[in-house]
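Chain naming follows the written order as A, B, C and D, and within any one chain the residues start at number 1.
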Amino acid sequence: MIVEGTYSFTGRPQAVWDLLLDPTVIAKSMPGTKELVRTAPDRYQGKMQVTVGPITAAEFAVEIALSDLEPPQRFVMTIDGTGRFGFTRGRARVDLQPENGGTRMAYHADLQVGGKIASVGQRLLDMVSRALLRSGLQALSRELEERLAQDGRTEEAG
Amino acid sequence: MTGAAGWIGRSVPRTEDLRLLTGRALFVDDVHLPGLLHVAFLRSDHAHARLRGLDVSAARRRPGVVAVYTAADLGDYWRTGPVLVQPVPVPGVVFHAATQAPLVRDKVRHCGEPLAMVVAESRYVAEDALADMVADLEPLPAVVDLEAALAPGAPLVHESLGTNLAAHAVQRKGDYDAARAAADLVVSRRFRYDRGAAAAIENRGIVASWDPKSEELVVWDTTQAPIPIRNGLAQFLGLRESQVRVIAPFIGGGFGPKIMMYYPEELLLPWASLQLGRPIKWIEDRQENFYATTQERLQIHDAELAVTRDGKILGVRDRFLHDTGAYDPYGLTIPINSQCTLLGLYDVPSYESEFTVVFTNRPIVTPVRGAGRQHGVFVMERLLDFAARGLGLDPVEIRRRNLLPPEAFPHNHQILFQDSAPLVYDSGDYAPLLERAVEMIDYERFKREEQPRARREGRRLGVGLVSYVEGTGIGPYEGARVTVQPSGGVRVVTGVGTQGQGHFTTFAQIVADVLGVDVGGIEVITGDTREFAWGTGTFASRGIVVAGTACHEAALRVRSKAVALAAELLGPGAQDLVFDGGRVSVRGSPDRSIPLAELARRANPLRGAVRPGTEPGLEATAYFGPDRGSTASGIHAMIVEVDPEAAMVAIRRYVVVHDCGRVINPQIVEGQIQGGVAHGIGNAFYEQLVWDENGQLLNASLMDYLLPTALDVPTVEMAHRETPSPLNPLGVKGVGEAGAIPTGAAFAQAVEDALDDPGLEILEIPLSPNRLFELMQAGKGADA
Amino acid sequence: MKPAPFDYHAPTRLDEALQLLAEHGSDAKPLAGGQSLVPAMNFRLAQPAVLVDLNGVAELAHVTWGRDGGLRLGAMTRQRVLERDRLVADQAPLLAEAVPHIAHAQIRNRGTVGGSLAHADPASELPAVMVALGARFRVRSLTGERWIPAAEFFIGLFTTTLESGELLVECEIPPPPARAGWGFEEAARRHGDYALAGVAAHLELADDGRCAEARVVLFGVGEGPTSSPSARDALLGEKATDGVVGAAAAAVAKDIEPSSDIHASAAYRHYLAQVLTGRALGRAFARAGAVAGPVP
Amino acid sequence: MIGRRPVTLTVNGQRHERSVEPRLLLSDFLRHDLDLTGTHVGCEHGVCGACTVLLDGHAVRSCLLFAVQADGRAVDTVEGLARDGSLHPLQAAFNEAHALQCGFCTPGILMTLVPFLHEHPRPSEHEIRETLSGHLCRCTGYAQIVEAVRRAASAGGDAAR
């Protein structure tokens, strides 16, 4: 399954970059993330549990690896999640471009979903992935705005 | 031979129904035994993966769990299964055998392949324990696309073979290239017939019970072939055949996959019962059924038809790919069926057919109702439609011009059939079939009046009319034992299993006529290896032909025993005897008669002497093995209405004219055909197993795998014609699969006729509304 | 396919039920008809720790007149009851026409109005119908009660504005206005299957026959019931003509964002939504008496 | 470990008391606890209809109900149809019209049809097919089932007994 699109952030690429590589932020922006820890500069491990309506997919053990990092422009994120009702694996390429004062993020992800989730839930997969992505991006931009606001305040204070 | 009673040919209500209608019939899941344990399987979520590790310790610790087994626990019992059907000896045939193992040891080759077996006090607890295990699987790129699978550098389903090619064979007759050169028109197309599930409403199930005291293993199995299972289990477990009893009780539909022998569960349950010394049950659930039970149908054909300007067939060339899934235990049966059935009712002077069987990371493929025949029919019938279009001929007319004439029988097609015998049609009379169907569907008037009128009202009606043959009733053999008991009751025992075909009744009808007794007084026993130990099984529409004939032969032997006895007892002049009403009497003098029961008692003297060589009892066993299969035939015609806005199709009428030789029980035959048509409609418009590029099945439930309902299947209007088969004394041919075979071809022709858009060609099965929408859009694009 | 273990409560009074839901919070799931929840549990895709079975709460199952006409439906009213109830047929014919499209009789014998609404399946009929009818829902919790308009109740995929501890207890459907018309259309693979696309349309005509109100609500083509403001704009103030119906049908395309699944591509759903809207509006105008002749 | 619950059901007019886990499906309870194996299980997600039984007279999927939900209720299964040795008119019609082949889906279909014929003593073919569409049969193609229902209906009142 291919998921791609663009999203515009207020705030410069560097700010978005810092945001995207912060595990606490990733944890907030990936729906259902219960915990996420950095195990290496470019590796994260954690647990996710995505809930859609009555469907509570059991806990997923997730591993996230970042590669091809070109700060603050692009990186590749590889996700590997395994749970009792199936698995999800994928590779997402993220590009950040300055866009009149803000940042334009282009993402292209190739996701694989397998096991029971795929074989019983396919009717919803497309919708679910879109909904999760949307809420994730909204979380990110909220986070970013908070940060920028904070920076703003600290600047004033300084 | 038909006795006075004339049971054969009558729609006798089924004797087995009483038990089924009152809930008293025993199905495998109905077997309850003291101390019964229950099984659930941990199955792979991946289609292709290396098994790096599997920790089952937590599952073993769970309260209520009795045992958890992995491949390692099987020790020497870890073996791959046998090739069930040896490849047909076509010259130059290539066949690479690769068969399934009970549990995955190092590599997963399709989703749902079993990794571990949990035995627990209840199925609920067993399923709880599945959540205690997560297999460490290293995903490998999956082999899904048939052409990509054969490309150099493709990932391999079986590394040891060095290729994904499972088999390759070419059969030829005549000189196709010459035919092509001589042709006025050559039409060639690519056809795709996709994968479906057999979807019996009863999933598979096994109950195995090893009794350490009697040292006997009893296995209740949803199998179409109990005797081979008994023999295979004995061999696998190192037991004597006499220690293993396999019972195929009432089976909730078979349709092919329940023939497949030595399914992992079929070996593991008996093995575990021996390990634990307790009875043990596994009932496949619907989810498992979509992975663990064999499937059928994906083939891709590149075919061409060479014809003269007046529509005479000069020759056909077909090259096709056949998906066998991850393993090929069933040999070449399906592709050979496709290859042989393509020739249909037609006189085809030259034929060149080449197939390549491909391993993929999908569940195993074995025959499902039709068993490859519908592919051949779809390809040939579609090619004829396109040739007719090209020549400006009516689709019915081009068929009419190519039918084999009655004097052509027996007709040798000069290629080999699935039973390794030459493909020879035993008998048939095709033109009357065609004309009767044309008349029943009122073809001419539909084309002349109904269709144009509907057009004017903005409605899109279309008609399709196609033909098929079905090779049925193949060997090797079946047997039966008929006994007249001293009570007068008649007992008929045969080895074949039964899954709803009505054997209890039709076998009884055959015997009733020979012995002049009432069908109600005949008890038929099938599918219990303790009752009858020889035979193969119920498949290839062979039950009535092979086992039915064996019943007939056995009954005749009992009859002659009775004649000999009666002649003695009824005194001089008692040669010409009549069997009727359970009595044997001298023709013309009913006062000189004796009940069969009395003869049975006399045949078992308790004192005195008998002549040397005397066989006691009114009992006989007989076997029947035909030289080759008998060929049934028929025509399907349907009228559809297409909603061109919504791309939805509704079937308005469905007509079947068929010839399955002598009909024993018309009502049962009609039921077989109506049911087959429903299956065919499913394949044509509803049923498709959808896989993604990683070999994940995307519709493993009856919510998304669409079986046709009562609103989707019309009542079929039927006519029988009887051209008796010379290959058996009853003159019967099989009928079990006929209905399902040509439906897709008729459907495609009818939908095209309704839409009347020359740019729109239906080259694939199934055709979903979504797909029809795409084709219609593409058509529009072409016009623009 | 057996469900995971859970604890089970079967209250007989609403306050008990609310108490239990409050007590167990997000661990608890209310069990109404169970025709969607129990399959999910059998697949073990849903594993609630606690089920609060509402089937014993008699006060939740009723079909009565609304205060000023119209209908009040208790949340535990079986779908099968709606199908046969005279009052429903008179006061909410759109609802009566839609219900038989829900699965099959054997499912509707258990399935409930409230269960289907709270479940908010994107392909289900009742949410769209309730929005088209301008219904509102009474929601109770231990701490109190509130009314939520149907149009504000559904906020996404299986998501409603119900808070944890809240229970949908009743639907109120306003009486049909004088010159109202309705149409319901659904395309499914087989009768009773999830809709590939569907539409519930409600029209009100002024005395001059012009469209005074229009609610065109689609389902199966988004994450929930999807109202089409564009269709409404195309209809308001217009008389029933093929042109108007066609324009309104085409307009829904602007307001929907269908997904693809194995049964239908987004493109096909897009197309179906327009075809079905055209048919539904044709019926709606005819029923409102805007066009001569029988209902198409 | 969640405790078992006492339940009391009246099945085919007979009272049964058992104690069950809350998660036990009614279909499993009938088949395995009460040994009423005439009710069959084909999908356990409510689609195939093989497990259909009557709950207080209404046809429902027993695989979508927990046994605890049937506490104090009346359940009817196929075993209850034939009375004192004589088949229910529907059962007889199924036999005459050859409306069953493997017979696995048949009990569920019969249980749907009993209340159906109460409500539709003279059903149209479409009404028959619509109610049958809640059941999957892989053998018959339905035609002979439709015919059996017609016969049972014209056999009159006692078909709806």
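Please note the rule applied: a residue touches a chain if its C-beta (ideal position, glycine included) is under 8 Å from a C-beta of that chain, and two chains touch if they have at least 3 such contacts.
Keep in mind that this is a model prediction, so the values were computed, not measured.
Among the other chains, B has the CA centre that is most remote from the centre of chain C.
Inter-chain centre distance (chain B to chain C, centres taken as mean C-alpha positions): 44 Å. Inter-chain centre distance (chain C to chain D, centres taken as mean C-alpha positions): 29 Å.
One finds 34 Å separating the Cα centroids of chain A and chain C. Along chain A, residues 58, 116, 120, 122-123 each make contact with two or more other chains. Among all residues of chain C, those that touch two or more other chains are 1-5, 43-44, 190-192, 194, 262-263. Contact with two or more other chains is made by residues 124, 131, 285-287, 690, 698-699, 701, 703-704, 709, 711 of chain B. If you sketch which chains touch which, the pattern fits none of the simple shapes: not an open path, not a single ring, not a star, and not all-to-all.
Pairs of chains that satisfy the touch definition comprise A-B, A-C, B-C, B-D, C-D.
Listing the residues of chain D that touch chain B in their complex gives 1, 21, 23-24, 31-32, 35-45, 47-48, 50, 77-79, 81-82, 87, 91, 94-96, 98, 100-107, 110, 128-130, 132-133, 135-147. By the touch rule above, chain B contacts chain C in their complex via residues 123-124, 127-128, 131, 285-287, 645-648, 686, 690, 698-699, 701, 703-704, 706, 708-709, 711-712, 768-770, 773-774, 777. Partner chain A is touched in their complex by these residues of chain C: 29, 36-37, 40, 43-48, 119-123, 156-159, 194, 223, 259-263. Put simply, chain C touches chain B in their complex at residues 1-5, 43-44, 187, 189-194, 196, 262-265, 267-268, 271-272, 275-276. Across the complex, chain C is touched by residues 1-2, 5, 21-23, 25, 28, 44-46, 49, 52, 55, 58-61, 63-66, 68-69, 71, 112, 116, 130-131, 133-134 of chain D.
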